[in-house]
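First chain A sits with chain B, and in the next complex the same chain sits with chain C.
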Partner chain A sequence: MDLASVFFWILSIPILVGAICVVFSKNPLFSALFLVLSMVGLGALYFQLGAHFISAVQIAVYAGAVMVLFVMVLMLFDRKAVESEEAAVIKNSQFKWLLVSVFLGLMLGLIFSQSFIAGPDTILPEATSVVSTKELGNLLYFKNILSFEILGLLLLVIAVGVVSLSRIEGGSDD
Partner chain B sequence: MTDLLSFFQVSLNHYLALGLILFTLGLAGVFIRKNLIVILMCLELMLNAVNLIFVAFSHYQGIPLGQVYVFFIMTVAAAEAGVGLAIAISIYKRFGTIKMDLLTALKG
Partner chain C sequence: MDFFYIFFQVIKMLVIFLLMVTMVPLLVWVERRGSAFIQNRLGPNRVGPLGLLQLLADAVKFFFKEEFVPKNGYKTIFYLAPIVALIPGAIAFGAIPLGIPLDIGAFNAFGQTWGPYNLGFQSFELGIGVVFVLAVASLGGYSLLLAGWGSGNKYSMMGALRACAQMISYELALGLSLVGILLIYGTFSFNDIVNMQEGPLNFSIGQKDIVIGFLPNWGIFFQPLGAILFFVATFAETNRAPFDLPEAEAELVAGFHTEYGGLKMLLFFIGEYGHMMVASALMTTLFFGSYHIPFVTPDGLLSFLNSFMGAGFAKWIQFLIFHISFMLKVIFFLWVFVWVRWTVPRFRYDQLMDLGWKKMLPWALFNTVVTAVAMLLLA
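Showing the complex of A and B:
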């Protein structure tokens, strides 16, 4: 077993445990914290896969900014409004579980019934598969500059839209 | 014994399976949870699973373009979280709760 396998099997434990706890914990605050655990594990996995810059962005943006946003919005709500009785919901949804497990089984069978890489010998050596930040920046700013600019426009629209959405007056006046 | 060792030897399929399990957990969370904030978190989980699959393919096939798409997905995911939380705030202001079984007017 090489180092990549050891990293994968060690990191997959916090990732999966975090994801399971996100789905099943009753307190949404715990869900947010377990989501941070899952995100940090994924960031470490990206680092191991040679995507160093993506890993840093994952930690900074997801485990930092997005989760702070979630926790802050949770703090805005009344605790009683947020904490609902979820146990009955989880128990009474056999059909949804059946649907989800059929999906999982089909896709897992599909993945393991065919190998996307012919064998271990076709895998590129580790040193060449590390994507440097310079290479990534060249790809981002020269080859994909149009998508990049469109994303900037999207972020502008989102920033304005979020402010105007959250300023909508409440009350049931229909 | 060699079969077991070759199973533990990580290949692209392992990353795909991990991403798929993460995606399915997120999907299950979107289906069964009623809390809007937790539903948004599960959406983030699904997007992260897709990101993992992108990075794994990019690594194993030596094509760095996949990581550029991961950037785009991350940006869109952050924007989606912002809009979703703003919608959650306005739902809370209007109804006083964020349980999703309240909003079934479009069920038909």
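Showing the complex of A and C:
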């Protein structure tokens, strides 16, 4: 076993434990925090694969921005109310398990079908080579311009939606 | 990847981490004496020369404080928060080069020849250094959130929410203010950026090369607005005055660390000062020529030193001089942090948000666009 696979196995522990605990935690806040653990572990795994830029972006965007907002919102919930509604959560857990198993099946199917088509050892050369800003710009604005623009449109829709929602619910009209 | 290579890397990481941690008590001393100086007081001056041993006395006091978890708090999270506070600063600091690389010639040990090694004075060298530091620093919000929520205290909670909203808001301006300098240097790597800042100020317009001999080739001369925006945004990121709303004493007692005392409090302090050091080091590295000394080149200094001492010794002295040059710049910015904290009054919360979203973000965008257009036209 070489050094890379040792790191892979070490890193897979927090990722998997975190991911499993997301589903099993009763408290939504602990779920979110375990998801952060899983995300950071995933970032480290990208790093170990040599995709440094993707790793940093994974940590900055998912762990550093998206999950911080999730955790912030979850903290605003009344803790006593959350605990007293634990019974209701358990009642709804069939739905949760259904959702989780569907996603698990989907992901596993995707992984296995992909690895049978492409072989397990394919890493896109772009993933590991991005060092200069010019290269990154070329990748984003020439090669992958369509997906980039679609993502931009999605974010715009979200921004407009957030503004309109905040105006409806108790926001002032000035 | 042989034994000594890994050994040297581990030693390097330990040295840099200890460097950061030992800076903290000194910074606390500077902060207390500095604030006293600004407010026309004396500050702690009784224990040891100039009051320097006050830190030791404080540390002993911290060790003997009672361990305590609030009744409504979550024990795990309450203990986790101070540890998390330490991590982002420590990891981010490791990615920044603190001096010129050190060459270790080939040597014999265990009946074998090892080396030669070229060791950069940083924990790990990354091609994407700037992005990495921003990514790791963005994790800083968690310690505040965990502390605020784990304490089970409304003041803590409010402080944590404020802090986190503030950090997220200013992260945008922080990231955008760096885009200009990244455009100019065309790389994310700290080492490349540092190497490009050597020598006198020079740039080319069209085919013409212009050299201005009396100025060093530092980033601040290309990106003055970017540098100012970046430095202001780091004040908000480190949650220090005039943006220290999370711990506004008059409103929130002590904000997210109301319930903390003793060693756990000390860890929060180390985290905050770690953030300050990362901010100062980034400011030095990106805008003030990192370890480069104006009008002095590393080779020139080495040959000057070689003229009156042994070659092996001269190399170490050169290494030390450039490290001191870097640290002096960092210490200057750390002093600015202290200076501003005790000079400028605290912002109101809506003023803070206005400044972040309505002033700094548009100015950072403006800076990015102007830089991009200027580069296109002048290239």
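As a convention for this text, the second predicted complex is superposed on the first by the 107 of 174 C-alpha atoms of A that agree within 3 Å, B and C clash if a C-alpha of one lies under 4 Å from a C-alpha of the other, contacts with A are read in each partner's own complex, and residues count from 1 in each chain.
Keep this in mind: contacts are C-beta pairs under 8 Å (C-beta built on N, C-alpha and C of every residue); 3 or more make two chains touch, one makes a residue touch a chain.
Not measured: the values here are computed from a predicted model.
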item	value
First, second, both or neither for A:Pro14, with chain B first and chain C second	neither
Touching partner for A:Ser166 - first (chain B), second (chain C), both, neither	first
Partner chain(s) touched by A:Val57 [first = chain B, second = chain C, both, neither]	both
Superposed model, chain A: greater residue contact from chain B or chain C	B
Partner chain in contact with A:Lys134 - chain B first, chain C second, else both or neither	second
First (chain B), second (chain C), both or neither touched by A:Ala65	both
Partner chain in contact with A:Phe103 - chain B first, chain C second, else both or neither	first
Chain B versus chain C as contact partner of A:Leu45, first or second or both or neither	first
Where chain A meets both chain C and chain B, residue numbers	53, 57, 65, 69, 76, 131
In the complex with chain A, residue positions of chain C that touch it	1, 126-128, 131-132, 134-136, 138-139, 141-142, 145-146, 148-149, 157, 160-161, 164-165, 168, 171, 182-183, 186-189
In the complex, chain B residues that touch chain A	5, 8-18, 20-22, 24-29, 31-35, 37-38, 40-42, 44-45, 48, 51-52, 55-62, 64-65, 67-68, 70-72, 74-79, 81-83, 85-90, 92-99
Complex interface listing, chain A residues touching chain B	1-2, 4-5, 8-9, 12, 15-16, 19-20, 22-23, 28, 31-32, 35, 38-39, 42, 45-46, 49-51, 53-54, 57-58, 61-62, 65-66, 69-70, 73-74, 76-78, 81-82, 84, 86, 89-90, 93, 96-97, 99-100, 103-104, 107-108, 111-112, 115-117, 120, 123-124, 128-129, 131, 135-136, 139-140, 143-144, 147, 151, 154-155, 158-159, 161-163, 165-166, 168-172
Chain C-facing residues of chain A, complex	3, 29, 33, 36, 40, 43, 52-53, 56-57, 59-60, 63-65, 68-69, 71-72, 75-76, 130-134
